[in-house]
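Before I ask anything, let me first share the structure, which is written out below as structure tokens.
Chains here go by letter, A, B, C and D, matching the order in which they are written, and residues are numbered from 1 within each.
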Amino acid sequence: MVVDYTIKIGGEAGQGLQTIGYILARVLVRAGYHVFANQDYESRIRGGHNFFQIRFSDKRVLSASEGVDILVALDRASIERHRGELTGDGMILYDPDSLKVRYREPFFLDVPMQALAIDAGGRVMMNTVAVGAVLGMLNHDFGILEDVLKETFMKKGTEVVENNIKAGRSGYEYAKENCRRCVFVLSGGDGRRRMLISGNEALAIGAINAGCRFISAYPMTPSTGIITYMASKAEEFSIVAEQAEDEIAAINMAIGASFAGVRAMTATSGGGFCLMTEGVSLAGMTETPIVIVLAQRPGPATGLPTRTEQGELFFSLFSGHGEFPRAILAPRDAEDAFYTIQKAFNIAEKYQSVVFVMSDQHLADSYWSVDGLDPQRIGIERGLLQDDEVSEGYLRHRITETGVSPRAIPGQAGKAVVVTDSDEHDEEGHIIEDAAMRKAMVEKRMKKQEGIASEISIPALYGDERPDILLIGWGSTHGAIIEAVDILNKKGVNTSMLHLNEIWPLHPKVADIIHGAGTAYTVENNFTGQLGRLIRMETGLDLKGSITRYDGRPFTAGEIVRRVEDAING
Amino acid sequence: MVVDYTIKIGGEAGQGLQTIGYILARVLVRAGYHVFANQDYESRIRGGHNFFQIRFSDKRVLSASEGVDILVALDRASIERHRGELTGDGMILYDPDSLKVRYREPFFLDVPMQALAIDAGGRVMMNTVAVGAVLGMLNHDFGILEDVLKETFMKKGTEVVENNIKAGRSGYEYAKENCRRCVFVLSGGDGRRRMLISGNEALAIGAINAGCRFISAYPMTPSTGIITYMASKAEEFSIVAEQAEDEIAAINMAIGASFAGVRAMTATSGGGFCLMTEGVSLAGMTETPIVIVLAQRPGPATGLPTRTEQGELFFSLFSGHGEFPRAILAPRDAEDAFYTIQKAFNIAEKYQSVVFVMSDQHLADSYWSVDGLDPQRIGIERGLLQDDEVSEGYLRHRITETGVSPRAIPGQAGKAVVVTDSDEHDEEGHIIEDAAMRKAMVEKRMKKQEGIASEISIPALYGDERPDILLIGWGSTHGAIIEAVDILNKKGVNTSMLHLNEIWPLHPKVADIIHGAGTAYTVENNFTGQLGRLIRMETGLDLKGSITRYDGRPFTAGEIVRRVEDAING
Amino acid sequence: MPSMDDYRGQEPAWCPGCGNFQILTAVKQALIELGLMPHQVLLVSGIGQSSKLPHYMRCNTFNGLHGRTLPVATGAKLANHELVVIAVAGDGDCYGEGGNHLIHTIRRNIDITLLVHNNQIYGLTKGQASPTSDAGMVTKLQPHGVVLSPFNPIAFAVSMDAGFVARGFSGDIPHLTEMIKEGIGHRGFSMIDILQPCVTFNKLNTYAWYRERVYRLSDHDPYDRRLAFERALEWGERIPIGVIYRNHRPAFEGLVPALKKGLLVEDAGRPPIDTLLNQLY
Amino acid sequence: MPSMDDYRGQEPAWCPGCGNFQILTAVKQALIELGLMPHQVLLVSGIGQSSKLPHYMRCNTFNGLHGRTLPVATGAKLANHELVVIAVAGDGDCYGEGGNHLIHTIRRNIDITLLVHNNQIYGLTKGQASPTSDAGMVTKLQPHGVVLSPFNPIAFAVSMDAGFVARGFSGDIPHLTEMIKEGIGHRGFSMIDILQPCVTFNKLNTYAWYRERVYRLSDHDPYDRRLAFERALEWGERIPIGVIYRNHRPAFEGLVPALKKGLLVEDAGRPPIDTLLNQLY
């Protein structure tokens, strides 16, 4: 039998769900399982209702399941909201004392977490008790938790470590002893060593690996984790991670840094991105490379700041006034994010253009177990002139066949004088008014779109080449769609997935694949089915429709399956 | 014979071309002619090369012609640049003394404008001499100029008026006497009384007529004329015309004013509009009516600030993060602008949405003669609750079948408490987190798109319903396209024009008309053929191509004709 | 007379113990003491913990974008200058993202009362440095400590010749209530910077930290700009609260020609534009 | 030694007589006197008449967006802190559209020299009021006269504790050259507000108007902040030029940990990220 369990930790903001969840997920990864974990939280710091959900299995898991096997309820609301999600053998773990209520149904496991924590040295360790208890319920080995607790609390001194281990063990033992209905069967995983990584971590580490030395950003959920991570490594890797006064400053600083010669990026979400659009256009005109992570969340306006949506594909595509080339990449998960952002830097510098990396809250905040990341897979292609190629009469915007002008940086080789202008300019970079030069410069810039297009990989087709049903997705819905495809095929519906993690310029192969399919739908976390419209805009192909979700929550595979079945039957 | 002459005044910035041109255009309108005048100027205050070009005729003229009948050259550069445009009987008027050069060719008319001006009272009146001379060359009646000069200089006192009349007359007489090659034949026009109006004036006056009481904007060519006009009428019409500190403030002020109950607008160009996009999204979320005039100019970035382009159709359509309804209107000329902006206010308020009025430098700065404007044609539909409909438990975002919530304003009827939020909210306007309400609110907002669609007029088809060639345009290219259609038909090419002055939501009739046509092209002042792509996105229809121009200059009918012929033949 | 009941709103989502609760109380109290009914008042806020305040009472509310509190408030006030318009913002909102609007709203001197919940931190986004964070403060995003000099809103406002510049402390509700009442009473723009402990993220500027330092101003002549500047620079051992600077520059509403005939919002219907059209013939 | 020839640029498109010509001369002169070669200098400008200046000389140039001069300059300086970075902006550009960046660049105290061509008007867009336009000035867009109070950049900068705050006058080239040299020499952010007649649109603040009022500061201790504030408020009958305020707050570049090992732009190639990856297992 395949192990495939889901643990959901529910409670209020401020109760430390993130810590419990993260520790538990790490333990399970270390134990050799594949893990996928996602987070659901409100835009508040204390109170409300949040959860952290971990799915682990001995086969690859890429999205959240709908059933919960163990619900760790840190408040009553979690029980009321989520008891309906319990699987047949599912259990709810809670502390009757701290919740001031006692449930009688057999699928509740009462653990005096508070009392055990106090015994171990303090109430703060309730969460560690909970983690221990979950492992006890699973009848899992305790040793790994001990290691993880050591690593987690090392900085706080040995006493804290000891106490936490004590707390964890008491929860572990209590649960193991008392959970007679716990019938979870573990396999021990496949024993492979894996890492656990979130989308934001992957983007940040990928950027560092790409040699990015400059990030300026203004805090905005769900993008903040990127600059925060890079700031934490600023000294070690000589990275400037500057919190700008606003998003306008953020992008303009990054452009300034890039112009002066370093790989530079910014990260934001939709509202902040609005303020960057003039900078996007500036980068387009001055041909300054820049990577923008656009971490989407439900809009319009402030919307649901801590939730997920894919509402800004068209906005990124057409953002900024005037016309100029760009690339739009959309990593499917953390692993892909690590590589994609490196490619983004290469495209940005080779074509001296804006490159978008589309993220969203689901990608940013979710964790995936990953076999490993190869720091060498994507080379660094900076597209800069060598010092001995720099001449006195350097022309920053020289018109070439590819549209790409040789790029020097200010002062390079002790002589480069580099001039650029947000006004239309001549090859040297000076402001002009005449029609002929204007026309030549527009054509030069737009020409680069062809080069960018040549960088786009053939889109990934999962499943038959000529399926009855083709599900087309982009970005972070990848995991849910791929699992839906597996389920549908098992149910006898011949289904494939076409997934775009590099969206723009649209690869011509997309049309071919659609042509080969029976019925095609896009699956998108938005209302208007933006990818479907984009495909029609580029290819004239009219898809059957879009399976959309726009309540701020990510898709599950189960939902996609039901929606496809409904579509087929109705 | 039909009168159809073009007068071009060329010179440096600061030489007063605008004044000469405007006075001359007014005289010709008063004389009973149809007039179209356009301006070409650089982004500088003194020097460089500018021109003002007037076409007048006894039939309707809607765009600039390529041939020049009288070139008034205020500097040598104007002669060198434009002598090639002279028609067979064309003449160049110049002052050998001030240009310090004497041309020998017979088509030059030397007028000692400076000397005549000094005689009449001062060098400053050289321009008036020039206007008089042009009328002399045309063998036109002098009386109307006298009137126009009176009106123009009235405020400066009778002496100035007298001197200008004297100057004008001396130029008039000198030219009449000395231009023996002048063979211009006038008809006296059709004697109808017409007004001369620019796009910016029409937008401003239209807004005033719509009851707009608030405009906040930040100066930006070519939109500045709108707020400037409204500021000049601020006291008379009780309009707040506030120069904001930046475009972000501009749109947020307008939203605040609209929320508090007045019709409010802003106007800007692409770069400034970038900074407004978050506000656009805010208006979408809070369902606050707002009219935005987006006066396009060539981008990206600062681009060519004083020139024309239609590069922001997609940007306006997808601007702002998240998904929400909007309307995009694009007046074809000044007359249309007057009515269109009034309709914009109605749509904005009826559907509590963002409405774009797309302008560009060509529309903003050009002048058209217009038979008259009917201030009553477009009613005012505010879509506000009556005082007696306001209740205590007022719900600003009540979910209704049409998606439109009854709108009250703060404090209305001495009781309304109006709440709205840029976060996702409940019907009352308070911040929420739950999925069901989110979903309902997205659907409510998007529902309004249907209502907006019902307001869009059937697009204008000019010519046969089933033409061989269909030219599709939007906005300010209308005049050049319509004249091209006439020429093509005269040449035996069966051509029609489909012109969209209300672009979004796209009217379904567009597809029908395209289906009926042989070959369809869009004609657009941009590089990527945005309308063509928009049509494909909405209808799946693949047009033959786009006739584009992107050097910052407007189309002429002649150019469109040549491009169509090339397309047919090649 | 309005009562606390009239102003009852939604359940606050703030952390227990947060200084925002005290500010909420003071705002309600001030409005009640001024005899204002909820429909006469418009609260405009941005985005941040502070900016949720209007939801937790009952009155006209425009909860807009992060940083854009003042322009929305300005537009609304111009449209209906009988409304009592209060702008509620955080230190990030108003001194960071929205700094430019503060400069120019002070120049405009429009009759709006601005309350800045200055917790010296970004609360809602979980604890990054704000413009007023003390130098050296360590946060997740500033792991080496803040190196920018803190923004001094009071000195800034005095240098801008703002009409009413005060500092309050959420821990002193009666005094804060007075400040708010005086601010609303002031004709023209009034700015009240309110020291507000963020118990979750700001472990430096705590209640205790403020309590040790904060003192009520007395014997201070707020009309003396140089003296006010002196006071404004006082930050460290002792921190004054109270009205630090005042003047009576004419308010914007009185200077805008369009408002002479009455409220903009009193719809006069379609205006006669014949004169405008006639000028074009 | 560099010469005027090294710095020769495009033909200026300014109006004859414009104060910008004088500023251009002073900038070139200052760079030459400091012995700087064009490739060592980066001029960052925004949009406006003033912002065309870099085209009219020869050096590294980033002519960016209206209002965004300082952030671009900041990014470039951080990337390569050996470059001499000068930001050139108009009063509209820097005190209007870009006001927020000025606040925070002063807080950052990064080693950039800011030249504000303060002509008290929007030149390039043909004469609207700027933040520094005198009250009452009539323009096409302000037909009833400016009613906002003028922004006082000097008082503002002093209140912000900027490290180097000076005023120059384009009509006094030798003095202005000195100011620019001192500003460039100052370690940290230096701001020079330059009175610059716009002969086309500003008929109020003309050469004569300035000449009557402007006087060179002497006997002034720029290190005394209160005194500096006094001086900063002097505007009307007499207008001081010179260094009004100074301090020696540490410059940003010295405080940013990433810059300790050298220039960012000195590409170290791909960094070893094994430690980062290992932390995730």
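Simple rule for what comes next: contacts are C-beta pairs under 8 Å (C-beta built on N, C-alpha and C of every residue); 3 or more make two chains touch, one makes a residue touch a chain.
Model, not experiment: these values are computed from the prediction.
Chemist: Identify the chain pair with more contacting C-beta pairs: B-C or B-D.
Modeler: If we tally the contacting C-beta pairs, B-C comes out ahead.
Chemist: Using mean CA coordinates as chain centres, what's the chain C-chain D distance in Å?
Modeler: Each chain's C-alpha centroid was found; their separation is 30 Å.
Chemist: Determine the centre-to-centre distance between chain A and chain B, using the mean Cα coordinates as centres, and give it in whole Å.
Modeler: Result: the chain centres lie 44 Å from each other.
Chemist: Could you please state the distance in Å, as a whole number, between where the Cα atoms of chain B are centred and where those of chain C are centred?
Modeler: Averaging C-alpha atoms per chain gives centres 41 Å apart.
Chemist: What whole-number Å value describes the gap between the mean CA coordinates of chain B and chain D?
Modeler: One centre to the other, that is 37 Å.
Chemist: Any chance you could list the residues of chain C touching two or more other chains?
Modeler: 47, 64-65, 96-97, 99-100, 103-104, 131, 144, 256-257
Chemist: Provide the list of chain A residues touching at least two other chains, using ranges where the numbers run on.
Modeler: As it turns out, chain A has residues touching two or more other chains at 42-43, 48, 234-235, 241, 245-246, 248, 271, 278, 282, 286, 301-302, 305, 421-423.
Chemist: Going by the touch rule set out above, what shape does the chain contact graph take here: line, ring, star, complete or other?
Modeler: complete
Chemist: In the complex formed with chain B, which residues of chain D make contact?
Modeler: 13-16, 47, 49, 64-67, 96-97, 99, 122-126, 128-129, 131, 140-144, 200-201
Chemist: In the complex of these two chains, what residues of chain D are touching chain C?
Modeler: 95-100, 103-104, 107-109, 131, 144, 147-152, 155-156, 158-161, 225-226, 229-230, 232-233, 249, 252, 255-257
Chemist: For the complex, give me every residue of chain D touching chain A.
Modeler: 10, 38-40, 42, 44, 47, 52, 54-55, 58-65, 68, 70-80, 82-83, 100-101, 103-104, 256-262, 264-265, 267-277, 280-281
Chemist: Within the complex, which stretch of chain A touches chain D?
Modeler: 29-30, 193-197, 201, 205, 208-209, 211, 213-214, 216, 233-242, 244-246, 248-250, 252-262, 264, 278-279, 282, 286, 372-373, 375, 380, 382, 409-411, 414-423, 429-431
Chemist: For the complex, give me every residue of chain B touching chain A.
Modeler: Chain B residues touching chain A: 42-43, 48, 248, 269-271, 273-275, 277-278, 280-282, 284-286, 296, 298-305, 309, 311-312, 314-315, 317-324, 421-424, 433, 435-436, 438-439, 442-443, 446, 526-528, 533-534, 536-537, 540-542, 550-553.
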